[in-house]
Every structure is written in C-alpha cells, then in structure tokens.
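Naming follows writing order (A, B, C, D and E), and every chain is counted from residue 1.
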C-alpha cells in the first residue's frame, strides 16, 4: 500500500530520534554497552533508509509529483501564524532523504570500526543519530520554521560532534566556532522568515511559493532582501564566503563526522535551501547573481588554500568548500537540478574521500599509538607510500580523486560539467556569468591539482611514517572498508543519475525534479547552448582537469618531502596560502577581539561598573551619604552655631511669608 | 510734639542704648545691670502708653524679682569676672550683627504696617477705661473673667516650674 | 499715635535681643538676652493694648508669669550644668554633636 | 452634648480631662512629697500617674462619646473630635512612656518620683496645646509642656550629657518661645484678638491676607512651632537633646511633644489662617527641607539613638507634608500618621533602652529582633505596617491637594531612609554576634515587654485593618480644615506646584 | 481559590516556625507541593476566552475605595502556575544548600510565594502595591542572611533599587486614582474600574507612565536600571536566584502588560516613548549579552543573560502584535524555566566546588556526564535552539516584532548570535576543555534529589519547545484583548485630541 508507506513518513526522522534517545540513555548510564549501541545506532539508520526508500517509492507512484504534506500537530498557532509540525515529501526532499539516510547509514557503519576503541562510543552514536534526525527534519520540514528546527539542529550536532573530544581545548574551540558562525547565518535565515511572513502571511512552503509570484514584483527590493538573507543563512551552513572559516576547523571532529556532516549532508543544506526556494531566487536576479558569484569565488578561493595544506583532512575541507561553491554556482545560475546533482555526487565521492582519509588516519593513529609516537597522524608529510599498506583505500580514493577532478565517466564529471555549462550559457544573457564560469574552470584546475597532490603525498613516494610505526600500518577492518567500497561504487555510477542528452542520457534527475523546479524555471528559463558549444565546454573542462592532474604529477616531488617535524617553514605565497590568506587572523583582529575588548573593557568595566553602577547607583548613595555627613558636621554641638542657623531660618521664613 | 512723645523717645533711646550695652558688656554682671536699666525704661514707656499697672508689675516682677534671681545666680557661680571668650570672635560677630540687622530691618516694617484702621479704638480708649474701672481693675477684670483659663494655667505652670527647679537643684536625689 | 514708634522700638529691642543671643557665649547672658526679647514683645503688647483693648495688657501679665517660670527652671538648669562642667561657656558645652 | 463655654459649668465640663489631669498631678505631687525615698515609692508614683492618665482618658472618652461640641461665642478651649483624639494620643503616649520608665528609672537609679509629676504636667500642657482655641492658651500650654520637658531632659543629674541636653533645649526653647510670642503679639495686633476662630473671622472680614503685620506674625508663629516639631532648619537642638536625654524621655519628646506641637499647629493654621495662603508656601519649603535634611543626615549617624533622632526629624517632615496640604484630608492623614509614628517610635526607643549592640541579635533574641525589625519597617513605611498606611494617607492627602512635588520628595526621601533603617535589620539578622552570649543579659521587663508587644501588634493591626482608625481620623479632622480640593464630585483647579 | 493560594503559603510559613528544625525542609516541601496542587487545577478549569476568572472581590478599606480583589486571566495564569511550580523545586534544591537557620529560610520562601502570587492575582492597585512590596522583604532576608560574601551590599542594593521604583509608582497610582475620581466622582483602586474609566489625562499621563515605567523597568530589569540584578543574583542562595530570575523579574514585564501599558496607551504608543523603550530593549538584548560574555562568574553571566532575555520580552510587548505578545508571555515562562534551571545547576556546581568562577571548572563533562548533559540542554534552551522552549518564545517575539519594528527586530535577532557567544564559551569552559584541575576529578554526579529538581524543568523545556499550543491557546484571548484595548483606546485618544 503506497499510502501507508507515505503515512509512515514520520518514521524516517523518528527512527534516528529514537536511536538518539536510546543511545543517549546508554551513554549516560552504561557507556560500555558497545554492542547494543552499534546495533541501535546503525540499525535505526538502516531502518530509516528503508522507510525513506519505501516512502519515496510510494511517492513516486503517485501521479503528478505533487508534494505530500503530513501534518502532525499544531506547533505555533498564533493568530494568523499557523505553523504545523508537518513533514513534506516532494521530489527534492525525496532525493535528499535518500542521500542522507543512505550515505548516513554507510558512515554509521564505518564509524562502528573507526570509533570502536573510543570511550565515548555511545555518546558518539547518540550524536550521530541526533544529527541524522535533524538533517531529516531539515529536508522534510514542510515550512520554514520546521526546516529551521533541522537547520539549527544540525548546527548543534555539528557543534557536539566537532567538540566530541572535548577535553582538548582546540576541539572544543572548533565546535564553538562552528556553532557561532552558523548562528550568524541562522540570523539571516530568521530575518528572511520574518520578511516572508510579513509579506506573504505564511511560512508554509506551499503557501509562500504559490503566493510569491503574486506578492513580489520580480527584481524588487523586498524579494532581493529576502533571498539575500536566506543566502546569508546558506553561507553559514554551507561554508561560503564570508562564513566559511568554521569548516576547516571542524576537522577537529572524528573523521566519519567530517564525512557525514561536513561533506555529505549538513553543508549541503544551503544548496538545498536555495533549490527549495528556487522560485524566490528566480524572482531576484541580483540575489541569484550574488549566489552564483559567491559560489564561484568560494570555489576558487578555497581551492587556492587547499593547495598548500598539509593536514589531509584540511585539504578535503577546503575542497568541500570549493565544491559547495560549485553547487551554489549551479543553483544561483538557476540550474537547480545541476546543483542538486552535484550535491548528490559530491556526497558520494567526498564521503568516500573523507572515509578514505579516515581509514588512513585510523591506520596512522594505530601505528603511532602502538609505537607511542606523538607525531601528527593527519599530516601528509608524515605519510607517503601508503598504497602498499592500504591498497583498498588508495585505489578507492583515486577513483574519488578522479571524480572530483571531473574526469569522465565518473560522477563528478557529469555534475560539474552541467554546472559549468549552465553558467556559461547564462553568460549569454548576463555577461558576468562568463567571469563566474572562468572562476569555475580555474577552480577545476586547482581541484585536480590539489587532489592529485593529496594522493601523491599520501599514497606515493617513500614512506615517512617512521621505522617503528611502519610495521603497524595496515588496512582497516571490513566495517570500514565495506562502506568505502559501496561509496566507490556510487562514485563510479552516480553520474548515471543525470546523464545529459549530449551523451545520450535522459537527464533523469532533472526530469524527476521537474515539479519542484518548474515554477522557478518558468521565471528564469534556461538558456540553450548549441551542441558544438557544449562539446567544446566539455572537452575544455576535461582538458583542464587532466592538465591539473598531469601538472601535479609532473611538478610535485613526493620524494623531496620530509616528515612534518623536520619540515622548514613556508615562505612567500605558499605561506599565505598555508595560512589560509590570513582570513582567520583578519576576523580575529577585526571582529572577535574588538567585540571582546568592547564588551570587557568598555561595556562591562566602564559603562556597567563605573558609569551605571558606580556613578549613578552607588554614586547617588555615596552622594547622599556625603551630604548627610556634611549635614552632621554642621551639627557642631555648639548652641551658638545652632542659633545662627535658627535665625537664618527665621529670616527665610519671614522673607517667604511676607514677600 | 507733645510731652508724652518727648518722654517716649527719651526712654526709648535709653532702653535701646542700655540694651546695646547689655549685649556688648563682657561682664555678666554689667550686662545684667544694663538689662535692668532697659527694663526700667520699658516700665516708663508702659506708663506713656497708658499701662500704669503693667509698668508697676514690670518693676516689681522683672526688675525686682527675676533680675535679682539672675544676679544671684551670677554671683553664686562667681561669674563676675569678665571672660575674654564670652563674646564671639570677629566672624561670629559679623554674622551675628548682619543677621540681627536683617531681622531688625524686616521687623522694622512694623513701624508703618500697623493694625488695620478698622479695628483701632480711639487713642484715649485705654486711658478712659483706666479712669472708669481703675488702673488695676481694668486689667484684673478680664483676667478673672475672659482669661480665667489661661490664668489658671499660669498657676500650674508656676507650680511645675517650682517642682522642676527643685528636682534639678535639690542636693540629694 | 505712638503705636508706630512703639512697635518700631520693640522691633529694635527684639532684634537687639536676638543679636545678643547670636553674639554671646555665656549661657546666662544668652538667657538674659532672651528675657530682653520677651520684654520687647511686652512693649508691643502694651503699645497695641492702647489701641486694641485691654487684652494686650493681660497678655503681658501672662508673659511675666512665663518669664518667671522659665527663669526658675532655666537658672536651675544653668546651675546643674555648672556643677558638671564648671563653665557656662557654650563653646565648651558640646559633648553632644554630630 | 452642647457646651456653652461662656457658662462656668459647661466650661468646666469641657475642661474635664484637663482638670482631672491637674488633680492627678497635684495628687501625685502630694504623694511624692511624702514618699520619695524608695523604689517602691517610685512604683507607687508611677502607678498613680497611670491611674491619672487613665482617668483623664476616660473623661475624654466620655466627652467624645457624648459628642461634646461648643456652641455660642468662641472660647478658650475647643470641644471637638480633633481635640479628643489628640488627647487620647497624648495620654496614651504618656502612659506608654510611664510604663517604659518604670524599669528605666530603677535601672538608672533615678529615685526622683517628681519625674511622674512632670510627665503629668507636661501632658496637661500638651492637651492644652492641642485643645487650645486661643493663642494664649496654646502658648501657655506650650510653655507648661516645655518647662516640664526641659527638666525631664536633665532629670538624670549624674549625667553630664543630660545636663547639656537640658541646657540646649532650654536655651533654644526659650529663644524660640520669644519668636512665638512675638508672633502672637503681631497676630493680635493685626486682628485685635487671639481667639483662633475670631482671627479667622477677622482675616476674612477685613481681608487681611496680605497685611504685613499679620504675615510677619504668622511667619514667627511658624518659626515657633517649627522649632517644637524640629523642622529643618530649626531642628538643630533635636539630635543633641534626644541623644543626651534619658531614653524614655527621648521617646516622649520625639512623640508626644511633637504630636502636641503639630496638633496645635494644625489647629492654628486650620482655624485661624485657613484663608491665608502664605503659610502653605512656607510649610511647603519647611517640609521639603525637613524631609531631605532629616533623612540625609540620619544616613551619617553611627549610633542608633542619634539615628532615631534624625529619623524623627524626617518624620516631622512627612507630617509637615500633611500640614502643607491644608485640607481636612491632610489633618486626617496627620492624625493617623501620628498614631502610627507614635507607636513605632516609642517601641523603637523602648527597645533601644535595652540594646547596645545590635549585631546578631536575631539569633539569641528572635522576638526582640522581630519587634525592632517591624518598627524599622514601619518607620520605613513598608506595607502591612501602620507606617505604610500612614505614609499612604499622607500621600493621598498630598495628591488630592495637587502637591505632586511634595509627594515625590516624600517618597524619594523615604528611599533614602531605607539606607539607615535597613542596616539595623541587617545588623540584627545578617551579622554575627560580636562575641558569644552578647545579648543574654537583656531583659525587657514585663511592662516594657508589654509596651513593645502592644506597639508592634498595633503597628501590624493598623497595617492590615486601618478602617476604624481611618474613620476616626477623618471625622475628627473634618472640624479643622476645609475639605480637599479634589474631593470627589468637586471641581478642582489644575495641578499647581507652589514655589514655581 | 486564589485566596487560598495566597493564604496557604503564608499560613504554612507560620506553621513552619512551630515544627522542629530538622523537619523544616520536609514540611516546606510538602507545603509547597500542596500549593502546587492547589494551583494546578487552574490549568484545566481556566476558560481561555473567559477573561478574568476565579475572581473574588470584597471590600477592604472602603473609605478609600480599596478592595481585596483577585483574579487571573491568560496573562497571569501561567505566571501563577510557574510560581507554584518553581517553589517546590526551589525548596527541594535548597535541601543541602541551606544548612543554617533552616526554619527561617523556608518560612521566608513560603512567605515570598504568597507575595509573588499576590502580585500576579491582584486586581486592586492598592493590593497590588502591598503585595509588590511584601515580597521584597523575604527576598531581602533570603539574600542577606543566606547569601554569599558580599550579601549585605547586594541585599540592600536590591531592596533600595526596587523600593525606589515602587514608591514612585505608589505616587503615580494615587495620582491616577485621584485624577479619575476627580472626573467620575468615585474613588476606587479597582483595576477594572480604572480600566473602564480611562480619561484624557493629558501631559500628566507621561509623568504617571514614567513612574510606572521606572518601577517596572527596574524589576525587569531594563538597561540602565539593571545593576542590582548581577549583585543580587550572585549573592543570593540558589533558591533565591531561581525565584529572583524565575518569578521576580517577570513582575516587571507583567506590570507593563497589566498596568503601565493599558492605563496609558497613548503614552505607551507615543512615538518618542516607543522609540525609547524599543531602543532600551535592544540595548538590553545586545548589551546584556555582550557583558555576559566577559563575566568570569557563572551566576553573573546568567544574571546578565536575563537582562538580554527580558529585553526580548519588552520588545515583544511593545511591538503589540499577537505573535510578539504571545511570544513575550511565552518567554516570560521560558525564562523562568530555563534560567531557573541554569541557576539550579550553578548552585549544584557551587555546592561541589564552592566556587562560582567559570575558571574553577573545566572538562568536567567526563566526571559528571549527567550534570553536563543537563547543563548543555538547558544552555541550549537558553540560547533559543529550535525545538526547545527558548526558540518558540523568541521566534514569536521576533516574528511579531518584525511586523512593527523591522529594523529593531533584525537587530534583536542579532541578539541570538550574542546569546550563543556568551553561553557556549561558558559552557565550554565549565564542562569541556582539559580536565586540568585535580580537585575537579572527583566531583560527584547528580544525586537523585538533584535530578528530581532538574527533570521537571528539562521536561518543560522540551515540552514547550515541541508542543506549546496548550499554553498559547490559553493565553491568546488575553493577549488579543490586551492588544486590542491598547490600540483602540490609543486611537480613541488620538482622535479625541
């Protein structure tokens, strides 16, 4: 019965929530029960995936592809504001829940192995389950507020998971940074909601989108403001300029977390939001240009930083930022399907990359642990030649590298190509898009380069781990490699989702998303390119990717590397890149420190303590006391003086009485 | 200018002059004696103002009884010698004179701001009353009639004062 | 017809009494100055009595009684303080202040 | 009961309480003349005094119950509810003072039973002040009271401070009497009468509102009364005298003397000068100065006794607000406040008799601390105490009389007063004892305890059920002053602030 | 029923003085639970659209038109429930904290309860004022006797600050009553009477409103009248802080909702006044947050956070939209729950370490996971994480306020960031970071008693966050009526001018 499966939609988020509750209880009461924890943690995800799949299948059978909204209870019924706790399944969220539960399940599985020896095992799974719950709320929410529950919730879980090993200050700091930066974006989301409510009187997706065209004149200031505020939210959640800085720091969390949250799911929320609100963005060309422009710029900017990072996960982090930039370029251009497509493929190969990196780190960590060395298990300068010890990992990661670089016929090729083509095509209408396209191409070159660099330094050349440790390096157990293999498969085949007509494909995903994107597409019709141009673009892109890979292979010398503790400091541009363009330092100097200084030295110590409390409050008390003291000094005890005052009083009274 | 006016101003001058001496003499005894002069002058003024009985009382009670009591205490406490600190210093002096001067100025308005004309009796009303009822009778009659209650209060007042003075002054407590 | 001048004289005498209280430090002299003030008031009463009726003179009688009572009690107090302090200089009688 | 005061019989009836009290005073005087050597004599005198006060109170009640009021030509003494209520208050205060004095006199070895005689005569003087319908009676009553209180202040002849207090009080009091007397003379000069009602009639018929002689006289009267009620700047004697006097006397001075002076002030201003606006202006400023000065200087005090002295000055300021309104509402507020003020001040001074160091008192003597805390809260004007209702009443009067500035200053200075009342509570409850068993020796005595318990109970009772007392205050005040400008149903002019 | 609510704790307080000291806390707990049991039926018997309910109105001082009049509507209902809910928890939370003079402490707690409830149910201005002051004394003693090192200063500051505002309010109450009486000829302090007989007060209204404003703004507390709060909060014992934050602060906002705004709508809606109050609310939100951020003392941090939270409430009230007023009511409840829980936790930490300094802790999540979990949850509620109570209230306020004051609401939304900026670092420094202090290594985790204190609060946090409808439904008519009456009478007065 398709209907009943759809009715069970609530199970999709409820299962991970149940997992959280159970695992959370276990974490607080019996942290040692790892078997039960694994069973619950992974089990609920698999069940959720099954429920999601069932719901999607049931949904697919429905005619027309209209969204299915399930209302559970009135959440915020206040006057004309009627927010239900409601879930909405449409074709966009269908894709998302499958990705989230599917990739999520794999990552859960991987974590069973990766986190096996951690004392916080139960807590970890509790958080992970909670994260999946919130992510599902985000994508299934039928209104902005419900989506916002997930939106902030994933930020929370990100915070908890990044700071998972909270006894290291750096981890706790990173978690806090993630939350606060996300919050800045969230305020944008909030304000956008306020504006929408003020303008349309509702916050349900259905109402808002159907009223949007009638309410907002295209290109008007109001809709531009709304979309820009929404996009501010996206920059926070999806780590775009200027709010991207939390993501690299987020690598302090356990590696599967990086894979799940900071590659596959949470960071794509912004892309999802823009796609979801395609109608609104279509009405605001300026905002769309900002989205695309920021996306392109971020893609390029992050790629430059990735060039010089040594921490394997940081390279991947900047790579993620860069790839998210592509997605925004896509959705900003109006190519929503392309953006979502890249979102999906990216989640495959980036999860693969992260889990692969996790596998490497796992191995390195074990090796160092066994030898009681204190070297950095994530620094590529300490690796090298690992393909011998970790053959599966190496080969799977190579697949992902090629995919992210955009080589055919891997998943990344199709999705990235579509975005770039769409951007180029848009250039015909609005020339600025040519610049975006150029930045995208440049970023693609850099992507290929730094990914190859990562692979070279990690898996090729001589091993720099150290004599003792080398013997302990070995491939991870099946629970970890298994998911890798699965993801590898998806990376290989994922492109099939949306093969363009150019290659004889049917653009399945595009058509699947049609009901969702139709309204936006009507407002902002895609520009058709000629076959020849398309071919030229495709070939150009492939050539650029190949150039990047070959360039890296030719220019980089893994043999010349020395372990991290022996490495000389960077100089020149390399140092600037290594220092991430000093953006963190800039923020610190321009925002963080002044605010702290202002709060502490001015607001608290001067305004609060001195001015309000000291001068006004205690000041009046002191003044009263001082006046009283003066008065009591007048009380000299001498009658002579009293008489003087008395007579003065008499004169005053007479003066006043007679006047 | 009639004779009574001349007498009035003469004794007024004497009263004010001796009052000035009273407050400026360093010796308490001298002050007391100058005060007696003032009181006598006032008695004379009372006569001019048709209050002969009061003038007699003034001499008997004030100059005769109260001032003697003062002098007695002064002598008892051996305060006859003048003390240098008995009058305030220059600052106190200036302030005192200034304040009293202002007060005198303010009260000086009374010279012109007398009672409203509507309630004034003819100038010789008192003299005629005294002539009709006798010098004592004109005062004594209201005292025991309209002013009986205050009169009785004075008796209690004097009794209380005696009790108080005894309590404070008696040797053993 | 002498009312105005008499009121003026009594005002001046009253002010002189106040001046005496202001200027002197000896308790007993100050008390004498207070008596001077009372007498000044008496002059006012008598002067007013001439034009307003005999009541003014009756008041003088009461004032004298009051003055006598005050003198009795006041001098007793002065004796008492002298017993404690051996002085009547008010500058030195200031145990109580503040 | 209609009393024609021109007939001797009715005059005697009207004066019955005073006569009873005089008789009592003479009786006690005779008693102490014969027996004044032992503690038992002292107690006997005290008991006799109480009996006399009680008899006078009953007589007053009898007059009140029969609705005595004067008819016919104005006389020396008033016969109205304001007088009777004031008399009760004064007699009650005297009785409470006597009760407190029993223990105190024995403890301080003051074997002077004349003390009680003086209390009786002083009370008589006060009653004459409150009931005097003639300036001369008011003046003589004031002198009678003053003479007795001068002596009472110095009755502890072993104490140099007491002698100093007596001297200061006497010198300044006599000085102030001079001004008061001069004021009476001038008022007499301007109106040819000293009868309060007739003065009022004269002022209205002769339109003397701006007569210089009258105004100077009025000003000097205000000075004289201002001195007795310790209004700033005529207050300077009060702290020193309160400080130096024996504590029961201090309590008596702070309550009864002040009450009598205020009652007289009210009567004089209400009956005689109701139609002269000038005094409101003066009293307005006196009230402000007194509230501000009293409260501020109290902040700087280190001893409880002096603090209470300044606090009583501050309360005089509040009462002056009631005076300044110049309405019957103000008079009613005044009466009510006076009751509350008397209860709390007396209890506070009675407790002060015992307590030297307050720190940590609550631990050892919870009831004592509780009583004192209630007194302090009541003085502060805190709800559920009579002090609050009283303050509220005064505020009502001020508001109804369109005196927002006075009301505001009153409440602001009340806030300041928290700065010195609260530390007392703080010391008792929130500080440790200075040394172990610091407060063990304190015994209140049965009578003292009764006084305090009675006062505190009264404070709490009137704080919650003030209805009867309110009605009493209202009906008694009605005779004295015009109804408030803003009385319901009466059109009133817009808010005006004198002095601006 | 409401009278029983006021009378029972007062009675129980007296009763408590008779029982042996070692029974005091149990008796107090039983009494406060009984109180809660008395109050709880209101939840069901309350009719949302029924206006003022459970009224009792008897003469008290007829000469002045003073009556003993009580009743609840949607605005006060939940404050009453919150009060009766928090008091048993506070009593239970004080079991081990209060070790000296227990009888007195619990008696004062109960007395305080009576006063607080009295404030919320009074429908007579005199009664209101009396109750307003009455609850001052128990709190003064609670801070002054059982407080921290600097308790005397904090206690007197608390007292004098509040006293200052309330006395001016007293004058304003009197003036209001007399100005009304002058027109209508009836002296009455009855709330209903004064509401049904509004008059054109003219410029006087500004002064009267100013006095009310001062009294309530101090209690709220709004910047710059807030400096008593940190001191009082820090020095008060746990239960004192909880009730101070949970209930007493609400009296200020309640006063605005019940008295200041409805009495003087034309002033409240005067553009200059509106601007000033909205600006002060914003300053409270941002400034409170920023100052909280740099506090070394955990309780002080929470105290300043209250300034920020109540700033939201003020904004919500002044925005005068249904959403914002409903949100304000909700935040009043939420703040009581969340901040109350935070103070409980701070107190529990203090009991373990005898320090309130954030720097004294660090990394203790490993030692006391349960406490850390609760602390985290409560902190998240306090910073308004969706699906907790904190979000629901603030979201509604901002959403509603945005309709009236878009710019202000946007700035206030920035306060959400600030909230994260002060609470999360504090949380981090307390329960995360290296466990580098040896004395923290053996801290005991929550005891069952402590859990019993916290769990009801946690349950409320989640419940209100997910399903606030039962509350919203009950408050909606009252909120609507508030807005409509204010708007209508302001419009009428503007038209009449």
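Going forward, a contact is a pair of C-beta atoms (placed from the backbone, for glycine too) under 8 Å apart; a residue touches a chain by one contact, two chains touch by 3 or more.
Everything numeric here is computed off the predicted structure, so don't read it as measured data.
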{"item": "Most centrally placed chain, judged by C-alpha centres", "value": "E"}
{"item": "Reference chain A; chain at largest CA-centroid distance", "value": "B"}
{"item": "Among all chain pairs, the one with the most C-beta contacts", "value": "B-C"}
{"item": "Distance between the centres, which are taken as Cα means, of chain E and chain D, whole angstrom", "value": "43"}
{"item": "Whole-Å separation of chain centres (CA-atom averages), chain C against chain D", "value": "26"}
{"item": "Whole-Å gap separating chain C and chain E, where each centre is the average of the chain's CA atoms", "value": "64"}
{"item": "Centroid spacing, where centroids are CA-atom means, of chain A and chain C in whole angstrom", "value": "96"}
{"item": "Multi-chain contact residues (two or more partners), chain A", "value": "621, 632, 635, 637, 639-640, 643-644, 647-648, 650, 654, 658"}
{"item": "Chain D: positions in contact with at least two other chains", "value": "136, 140, 143, 147, 150-151, 154, 157, 166-168, 171, 175, 186, 189, 192, 212, 216, 239-240, 300-301, 419"}
{"item": "For chain E, residues that touch 2 or more chains besides their own", "value": "160"}
{"item": "Touching pairs among all chains present in the structure", "value": "A-B, A-C, A-D, A-E, B-C, B-D, C-D, D-E"}
{"item": "Residue ranges of chain B in contact with chain D within the complex", "value": "106-107, 109-110, 113-116, 118-119, 147-150, 153-154, 156-157, 159-161, 163-168, 173"}
{"item": "Residue ranges of chain C in contact with chain D within the complex", "value": "7, 14, 17, 21, 27, 30-31, 34, 37-38, 40-41, 44-45, 48, 52-53, 55-56, 59, 62-63, 66, 69-70, 73-74, 76-78, 80-81, 83-85, 90, 93-98"}
{"item": "Residue ranges of chain E in contact with chain A within the complex", "value": "157, 160-161, 223-224, 226-228, 287, 290-291, 293-295, 321-323, 326-327, 363, 365-366, 369-370, 373, 380, 385-387, 391-392, 395-396, 398-400, 402-403, 406, 409-410, 413-414, 416-417, 420-421, 424-425, 428, 431-435, 466-469, 472-473, 476, 480"}
{"item": "Chain C-touching residues of chain B, taken from the complex the two chains share", "value": "4-5, 8-9, 12, 15-16, 19-20, 22-24, 28, 31-32, 35, 38-39, 42, 45-46, 48-51, 53-54, 57-58, 61-62, 65-66, 69-70, 73-74, 76-77, 79, 83, 85-88, 92-93, 95-97, 99-101, 103-104, 107-108, 110-112, 114-115, 119-121, 123, 125-126, 129, 138-139, 142-143, 146-147, 150-151, 154, 157-158, 160-162, 164-165, 168-169"}
{"item": "Touch list for chain C against partner chain A, complex", "value": "18, 21-22, 25, 27, 30, 90-91, 93-98"}
